[in-house]
């Protein structure tokens, strides 16, 4: 947790150590804080986010994509959408950025223990779920069966393909899908909510964690309800325009809750109690 | 008990001169020749201080400037390895002491909202904290209410001394000034001579008279549940908000509105990260990079404004309303949208349904 | 003589079933203010008023709120316009943002509207106001205690002092007798000429002092009926970002210059921009100056003839000296 005395607007300087091209518009950055002691002492929960600064352009919020159990670097996956992400994509290894992290709440890792876990991800939505997935693999005995349904528009739009084997050997049942047939594609075909219905995982002692484009979440929720998942069994992480990241500038609110401080992780039970303004 | 002093209207300028040697003094002055509006500016000789009416924009920018530098950055080549770059990052500036002279209870009350958000949350805002610490308020008892004022409707009133360091009551042709705490007490010797018992008694009577007044006919302090009940009634919001032109005036003149934007402004290799006033009434406020906007319509944005002030804020902070009843949003609105009616009718509609 | 408000109510009642909404004015938060009214239920028609407090230009809502270029169910939009408002309406028709056939226009000849700031300078303690009318060259304010008379030229809006079009130039129905304008053609740009008598350094000082107060609330832009870029306005775009969020004089001038340039030859001088400014900057002057230049160079004024095309939206190869 950040110290109250420090300036919460002041980023830590960090150096880009590695850049991985995930898809045509998603890059994964591995960064290391310049201050070695701060890097060593850096602690966070899976699901917490960070604000990356490109000084001169601005800041943008990304989930800390690597788990707290693997701290050689901090990983962030960035999709090129606006002015900050565009500039980020132009940076090189060795360039300096700012990091304000960790912010927000994380996934409720303790409450998820001793449950089966169903991950449902679409496109860049895999980024926050990867953090939790790897954390669970590093603490394998605490969790039951783990299944991941991960879909994207095409095989080229799937992220972290180079890690799929590691996840499988870690004990994850991996169901991959793309929107339509592609030459050479041997896995499933169909939208994520459809594949969810086809797989029909059991809701007994299961928690579902989902992230993806709003339209996918909408239909995944319907699908999960049909499979008898209750509100408290469904967890998601929200996206909002953020600026301060510390619950002060006012803009990321949904009713009384600020997505940057009370979220971005919410259970569906919590979402139902908030005003309908996503 | 603190000493009470009296200062005559004609001696005000000399007193402000003396005070401005100790600290920055902010006073209400006219917008310009032949203009009616009043705003707060740093005092300098030749300022004509206007105390007979409420300011158009309050002293919000003394503690929360419209533009404030958060960080300064500079890209530099690393002298050891020119292919690498270094960034020089600085925050903090020195803040000097300030006195806000001639604010009204509603202006001071606006900062209670700021204190909750900027000081008492999980994170503390160091820029605001520093300014707040070093700023004193010499507040004027208010007897110039007009038809847009409604401070009593939100748990305050024209004689509300809470949050001020010095309290001024207009008496005879001057003011009886009283320190309300140690910080204010330090300024008393510079400000004037002891008041006579008659002046003190007059001030007491005026204080009682003004405190007994009720400014604003409604009670708007218990609207949180009514708001939630009407959240999805789009006909109600369209009805009430069609005339809004979605500018930013209401939020900019409001003493309790604190939303801000953070942008980097740079030229070549150096620049600043600044925060600047933003408004929930602007379309771009919640516009996401993907193009999605949770509040694309002005009705939704205005609904969020009402909700924030009269429902979400009191729900989070023990019933405190994020509105001081100054009426500026009503007076300055191009189409005179009346937030009192909108909040009050939330209640009536629910009663009608029952 | 029937109260014009009653006439308006009666006339709109006659055609109400053919109208989707009626735009008019209703009493505001107190008896010295009026607010725009969107009337969708016939029983609300009796809210309509007409008096010197009806300042707002209702044409502002046609494009931005009501999207008045098409009406799918054949119903029309009823709208009340003063003389200055009708010019904005004609300009919108000239630029094809609004289709004439979708509107039912009620024109009201206007003797002037009150500027609340200027009235307060005269008499800040006005209370219990019951009626506000214009009689001759005076504004008559009747309160419960007494009747006040103010010289009209000291309490009217700036725009009214130079008004050459008090009578609506486009309407389906005219409510009231045509009236004499306050200003002749030669006085149209009197306020601009006054500033031009300052030396250049003094002129700069004047504008620096005025524009310095700007708080970038964008009310002037949002109140302008011809400003129809809505949420895509260049001053707020982020990619690319043209204007800094800084509040120095340079950025404020930049904003006002862009706004004025985008209105050159299109502004109908309705004066709403100046009326709504919370810090009382005389912004209409800048646009009037550009209009004066367009008038001299191209002999054109916006919002007079619905058939004419604004010269800056087209080009004529035979034009010289451009």
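Odds and ends about this structure:
Each chain gets a letter, A, B and C, in the order it is written, and its residues are counted from 1.
Heads up, the rule we're going with is that contacts are C-beta pairs under 8 Å (C-beta built on N, C-alpha and C of every residue); 3 or more make two chains touch, one makes a residue touch a chain.
Please read all numbers here as calculations on a predicted model, not as lab measurements.
When the interfaces B-C and A-C are ranked by how many C-beta pairs touch across them, B-C comes first. The most central chain, judged by the distance from its Cα centroid to the centroid of all protein Cα atoms shown, is B.
A straight line joining the Cα centres of chain A and chain B is 39 Å long.
Chain B and chain C have Cα centroids separated by 31 Å. Computed centre separation for the pair chain A/chain C is 51 angstrom, with centres defined by C-alpha atoms. Annotation for chain C: residues 238, 241 touch two or more other chains.
For chain A, the set of residues touching two or more other chains reads 82.
Annotation for chain B: residues touching 2 or more other chains are 261, 263. Contact residues on chain A toward chain B in their complex (touch as defined above): 2, 4, 7-11, 13, 53-60, 81-82, 85, 94-96, 98, 214, 239-241, 243-244, 246-251, 253-256, 261, 275-278. Listed in rising order, the residues of chain C touching chain B in the complex are 28-30, 32-38, 56, 60-61, 64-65, 117-118, 120-121, 124, 209-210, 213, 215-219, 221-223, 230-231, 236, 238, 241, 244-247, 272, 275-276, 278-280. Every residue of chain B that touches chain A in the complex is listed here, in rising order: 70-71, 73, 75, 83-87, 89, 91-92, 117-118, 121-127, 228, 231-232, 258-264, 266, 271, 273, 275, 278, 280, 285-290, 292, 294-295, 300, 304, 307-308, 311-312, 315-316. Across the complex, chain B meets chain C through its residues 31-32, 34-37, 39, 52-53, 56-57, 66-67, 147-148, 239, 242-243, 245-249, 252-253, 261, 263, 265, 274, 276-277, 279, 282-284, 330, 332, 334-338, 341.
On the side of chain C, the complex with chain A involves touching residues 238-239, 241.
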